[in-house]
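So, here's a batch of structures to check.
Same chain, two partners: subunit A is paired with subunit B first, then with subunit C.
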Partner chain A sequence: MSQSTKKDLILDLKSVNVKFKVEDDTLHILRDVSLSIPRGSFLCVVGESGCGKSVTAQAIVQLLPDNGEVSSGDILFSQGDKVVELNKLEKFGKQMRDIRGAKIGMIFQDTLSSLNPAHKVGRQVAESLLQHFPISKDEARTRVIELFRKLGIPDPERRYEAYPHEFSGGMRQRVMIAIATICEPDLVIADEPTTALDVTIQAQIMTLLKDLQKSAGKTFILITHNMALVSEVADHVAVMYLGRVVEYGAVDQVLRDPRHPYTKALMASVPNLDADKKVELQTVDGQTPSPAEVTVGCEFAGRCPYAIAACREKTIEMTQVNPGHDVRCIRLDSNGKLPVLTGGA
Partner chain B sequence: MNSTRTPLYKVGQIKKHFPVLGGILRRTKGYVKALDGVDLEVFRGETIAVIGESGCGKTTLGRMLALLDKPTDGDLSFDFGQGLQDVTSLRGVDQMRFRKKVQMIFQDPYTSFNPRQRVGAAMDEVLRVHGVKDEAERTARILEACEMVNIRPEYLQRYPHEFSGGQRQRLAIARCLATKPELIIADEIVSALDVSIQAQIVNLLLKIQKETGLSFIFVTHDVAVARYVGHRVAVMYLGNVVEILPADSLPEAAEHPYTIALLSAVPSMNPTAKEQRVVLQGEVPSPIDMPSGCAFSTRCPAVMDICRTERPVLKISNISKGDHQVACHLNKGAK
Partner chain C sequence: MAFTISALIFFASRLSPIDPILAMIPPDMASDSANLAQLREELGLNDHIVLQYFTWLKNIATGDFGYSLQSGQQISEILALRMPATLELVLSALILSTILALTLGLFAGAKKGGFADKLSRILGVVGIAIPDFFIGLALLNVFAYRVSWLPSGNRVAPGQITFWDRFPNYILPVATLTIAMLAVLIRYTRNSVLDTLNRDFVKTARSKGVPEWRVLYSHVFRNSLGPVMVLLAFRLPLLVGGSILVETVFQWPGIGTTIIAAVTASDYPVIMVVSMLIAMVILVASFLVDIVKSILDPRVRLGGGN
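This part shows the complex of A and B:
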C-alpha cells in the first residue's frame, strides 16, 4: 500500500448510525461505524450474521430497505477532486443514480435473484453502460463481449445472448462482476460474492477480483464471514459485532495478532486445514443478542470471558494499540494485551 | 480400517441414475449419473466425512444410505447384529427397524420440524412411531437426549420458531439420538450456521461420538470441517469416490489430483498455501454427458492418455498403503 494521506481516501464513513423501524420498535443496527478507505486498497468487513456488515454496504449506496435510514453520521465519497456526501443525496435522485453503478459497483451474493431471468445477460450488462454513457447499442455490445472475455467467460459472443438460468453459479457471478465493473467504477462493494460457490470456483473469482484491484487500481470492499478468505485478499480488515466495528487494522496486524476477545474467539472457532485436530474448537458461549435487547456498554460483554462490570457501564471507545490498529475493548492493558484468564474459561 | 473387522454398513457399487425427460412426449433423453458406482464401508464408532463440490453426488449418497431414495443398481447391506444383511429389499416392519438404526439430520432444521408442533411433541412422535409404547420411557429417553445436546428440558414445551438456528440443529440431533440409532447421516448440518455456532455443533458431535460410540456419515462441502470431525474422509467427484484417506493425514497425504486441487483452493491463513495453489480451470462437467474414462480427466493437470479411455477404480494407495485408497491411474501397480 502506498502511504495514504487523508486526501487519498476514496470513501470515509464518519460515525454512521443506521436505524430500522420494525413495527413499533426502532432497532439501532449500525452504531457509530467509522471506516476510512484509501484509494486502491482492499478492505474486508467480517462478522457473523446480524452484525451489520451488509447494512453498511447498503447504507453506502443508499439501498437500505424502506424501513431503514441513516440517522446520523457522514458518508463521504471522493469523486475526482471533489467530495460528495452520499447520505445527503436524494435516494433515487439523479446524482445518486449517476454514482450508483457507475462510480460505485456492487456485487451481491445471490446471483440468481440479482439477474432478471427474462432478459439475456448481455443486455443486462449493457444496460448499465447505456444508462451512464452516451454510446450506441452496438458499441455497448462490443464492450460487454470484450469484458466477458477478460473475465474468463468462454465463448462470449454466444454467452451474450444466453439467459441467466443457462449459466452455472460461478459463471453467473462473473456476469455480476461484469455488471459491477463495466462502467469502470472506482469502488466496488462485494457482499459475500463467493459464499454460495464451491471452493475451487471461489478461488477463481477471488483471483479475478484481486487482479482487478492490482491491474486496474480499483478499490474493493469485500463483505464476508470467512476469516481465511480475508487473510488471502485483504489489505485492511474491519471486524464487526452487533452493529459496531470492534477491531480495525492491516490484515497482518488483525489476523496474526487479534486483540479484541471477539476477534480471537471468531478465529479460534474456525477449523483450519493446518490446525492441530486435538485442540478443541473454541466456541463463543451463547449467541449474538438481538439488536432490540442491547442496552449500555460493550455489545460483546454478555458472551465475553474477559468481561467485568465496567464493560457494561458505558460505550467503549476505539483505542489504538499499534499505529493503524484500533480495538474497542477496555480490558487491554497498556501494552494492548488482554489479561490472563484465571480458572477455566 | 482393519480388514478383518466387519463393517456396520457396506455399500457396493451403488448407482443412481435420474432420467432426464424431454420433448412433448416426455421421453427419457438421457440420464444424470448422480452416483456412478460408489463403494464404501462404514465401521462401528467411525465417522466418515464425505466431501465434494456441488453436484458431486454427496447428498444423493446420503439419501441413498438412509433409504430415502432407491438406488438404480448396487448393494446396500447393514449389520443388525447377525452379520451383513441386504437392506434395499426391506419393506414394512423390517424397514422401520432399519430406519430406527439409521437416522438422518438435514441442513435446515427449521423445515425438518413442524412449525405448529411443540418440539417435545415432535420428539415424542418419532419414538411412538418407532414402537416405544411406554410413555415414561419415551420421556426418559427424550430427557436423556436433551441433556446430551445441552437443551434445557423446559424448552421442550416451545415451538421451533422460538429457537435459534444452532439450538434447532441441536434439537434435531437430540431427536435422532432418542431413537438410539447406530448410524447417523448428517447432511451439511453446520453449513447454514455462523462459525461460532458451527464450532458448538462440531464439538457436540465429537462428544456424542466419544460417549455413545455411534457411527456418523458427515456430508459437507467444507474440507476443514471434514478433516476435523472425520476419522476417514471420502472425496467425491461427479458421482464417484475418487479417494478415501485417514482424516489425520490431510492435507499432506492427498494423492488424487482432484483432492489436491480441492484442498489448495480452500482459503488459508497460512501464507505458503497461496504459493502452492493449483487453480483448476473450467468447471465440473455436466453429469449428463460424463467424460469417458476418468471423470476428472477434462480438468486434471496430470492427465495422461489412459485417463481418457479407461476409468480408474479405487485401489489401495501405493505410497501410504493401509487405509488410503485412490482411484487414479497415477497410483501405479496398485492392487
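This part shows the complex of A and C:
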C-alpha cells in the first residue's frame, strides 16, 4: 500500500485543473495536480518560476486572481471528522471565510506589499483573531503580544503599535507568520516565505516554521525554489514542472534518489560546498516553455536528454517506483532506473 | 512660494501695454497731460518698478488692498461683499462632488461592470467631454426655461429671506460645478480602488477570512484615498476657474464675475488682488491635502520612519 488510509489526510487534491483567461486565450496553468497531504506532515512544493506552485496554493484557499478558476478536480479538506470540498464553496462565502485564516493560514512572500501600510501591525494580526473568535479587543491584543514574544519579536508591546514600514524584512515576516498562525490553523501554507530575506534571516525563519510544525503538530505546505531549504525542513517533496507534479515522495527518496530527469537536473544544479571547484555547476538546459504552447505528451520532453518519440505522443501517467515514491516518466525501466546515456555532449 | 506667485502676478500685470492711468480716466479728460503726470506721481507710478512691487507687497501684507480703478471702491470691501457668494458655491460643489465621487468610485471599482461602474462611466464621459459652462446652459435650458422648476440664476431675489427661500437658486449652479468636478474625480477614484484591489495586502486580508465589505472598507478604501487627495488639490484651480464661467452663466455675484468685470475694464489692482487670492486659496488647499495624506498614510508622517 503506497497510500496511508484516507482518514489521515488533511488535504487531498484530486486532478485539479486551473485555467486562466488572458485576453482571448485560455491558459491551462495546473494540469491534473494530485497531492495527498497527511496530517502533521511538512510538504515542500518545488519547481522553477512559473511552474504553478503559487497557483496551487491560491487554488486551495480559493484566492486565485479574478481571471483564474479551478476548472475541474476536487480539493478535499478534512476538518475533524468531516471532509469539505473547498472548490465547491462560494469564493467569498461564509463557509470559505470560516476556513480561511481559522483553519488554513497563509504566509506570503513579499512582506512589505503583503501588509497594509496604513494599519498598525498589531491590529492586522488581531483582525484575524477578532474575525474568528468572540473575544474582546483587549484579549486579542494580549494574545497577539504573547505570540509576538513567542515568535521572537523584541519589545512586543511597543511593536504592536508600529507600522509595517518601521520593521525590517525578517521582523515583517514574523508578523506575517503571526497573522497566519494566531488562530492556530490546522494547515499553514507558506508561499516562498524566505525569498525576499537574506540567508541568516532565512535560516531563522525556517527554524521558526519547523518548530511551529513540530510543537503544535500542524501541517505545513512550503512553496519554494530553494532546494537547500527543502532538505532541512521537509518530510515530503512534490516537484512541479509546467503545471504538473512530475515527482512526489518522501524527502530522502526524492532528494537522494531522484528519478525524473527534471528532478535529476534540478539536483545537479544545486551548488555544493564540498564539490570539486573545477567542475562547472550544471544548469537545466533550455527554457521553460510558455504555458500558452499546447504540448502533447511530456512537458519536459523538449529539454530532456532522455526523450524519445514516445514521450511526445500522449500524456504521461504517474507510476510508482517505490512505495510512496511516484514519478511521471516512461523512460524508467522495471527497476525504476533511467537508461544510461550514451555518446553525445 | 506665495512670494514667487506675487512677483509673477505683479510683473505680468505691468507687462501689459495698456496704461492704467488711461484706463482709469475718462477719454475726454486724458488730453490734460499735466494732470496726468501729477496723478502718476501721486499713485507712485513713476517709482522704480521693483520699489513699486515692494510697496504693493507691503500694502497687501498689511491688509491694504488698494482701490478699484473702475469704481473707486476699496478692494477689501468688494471682496467682503463678493467672497461669500463664491465660497458657498465652490465649497458646496466641492463637498458634494467629493462625497459623490468617493462613494460611486468605490462601488464602481469594487464591482467592475456593475451598475455603479456604468453610471460612473456615463458621468465621466459627460463631465470630461462637455465644458462646464455648456452643462450650465443645458441645465438652464431644461430646468429653468422648459419646465420652469428652478430659477435661472441670481443669488437672492426680492422677498427671499430664509435660507430655504434661496435654496432653489443654488441648485443649478452647484449642480453644474459638481458635475464638472465629479467626472475626473470619479474615474480616478475608481481606478485607484482597482489598483489597490490588486495589491498583495488585499490578498492577505482575504486570507484572514475577513468579509469582502470589510476588506473594501478597511483595507482598500483607505489606501485608495491618497492619490485621490492629490488629484483633488490639483483640481482646485479648475474649480475656481470653473466658477468664473459658471458665475457668468448664472449671473452669480461672486469673485468670478468680479474678475471678469475687472479684466474687461483693465482694473489692475482688482485683477492682481483677486489672482493673488486665488493663488493663496490653492496654496492653503494643497497644504491641507498634505495634512490629510499624513493622517491616511503613516509613511508620510513627519518623523514617522526610522
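By our rule, the second predicted complex is superposed on the first by the 340 of 345 C-alpha atoms of A that agree within 3 Å, B and C clash if a C-alpha of one lies under 4 Å from a C-alpha of the other, contacts with A are read in each partner's own complex, and residues count from 1 in each chain.
Assume a residue touches a chain if its C-beta (ideal position, glycine included) is under 8 Å from a C-beta of that chain, and two chains touch if they have at least 3 such contacts.
Quick caveat, the model's predicted, so the values are computed rather than measured.
Visitor: Now for A:110: first (subunit B), second (subunit C), both, or neither, which partner does it touch?
Guide: Once the two structures are laid over each other on A, A:110 reaches subunit C alone.
Visitor: Could you look at A:100 and tell me whether it touches subunit B, subunit C, both or neither (first, second, both, neither)?
Guide: So A:100 only meets subunit C here.
Visitor: Tell me which partner A:265 touches in the superposition: subunit B (first), subunit C (second), both or neither.
Guide: first
Visitor: Could you let me know whether more residues of subunit A are touched by subunit B or by subunit C?
Guide: Per-residue touch count on subunit A favours B.
Visitor: Check whether A:228 is in contact with subunit B, with subunit C, with both or with neither, and answer first, second, both or neither.
Guide: In the superposition, A:228 contacts subunit B only.
Visitor: Where does A:202 make contact in the superposed view: on subunit B (first), on subunit C (second), on both, or on neither?
Guide: first
Visitor: In the overlay, answer first, second, both or neither for which of subunit B and subunit C A:48 touches.
Guide: Once the two structures are laid over each other on A, A:48 reaches subunit B alone.
Visitor: Which holds for A:82: it touches subunit B only (first), subunit C only (second), both, or neither?
Guide: The answer is neither, since A:82 touches no partner chain.
Visitor: Thinking of the overlay built on chain A, is A:170 touched by subunit B (first), by subunit C (second), by both, or by neither?
Guide: Only subunit B is touched by A:170; subunit C is not.
Visitor: Please report the subunit A residues shared by its interface with subunit B and its interface with subunit C.
Guide: Comparing the two interfaces on subunit A, one with subunit B and one with subunit C, no residues are shared.
Visitor: What does subunit C use to touch subunit A in their complex?
Guide: 199-201, 203-212, 218-219, 222-223, 296-299, 304-306
Visitor: So in the complex, the part of subunit A that touches subunit B is made up of which residues?
Guide: Against subunit B, the touching part of subunit A is residues 48-49, 168-171, 198-204, 206-207, 225-229, 231-232, 255, 265-266, 269-274, 277, 280-284, 287-288.
Visitor: Touching residues of subunit A toward subunit C in the complex: what are they?
Guide: Residue positions touching the partner: 61, 63, 92, 97-102, 105-106, 108, 110, 113-119, 124, 127-128, 131-132, 163, 165-166, 176, 179-180.
Visitor: Quick one: in the complex, what on subunit B touches subunit A?
Guide: On the subunit B side, the touching residues are 53-54, 164, 166, 194-200, 202-203, 206, 221-225, 227-228, 247-248, 250-251, 261-270, 273-274, 277, 279-280, 283.
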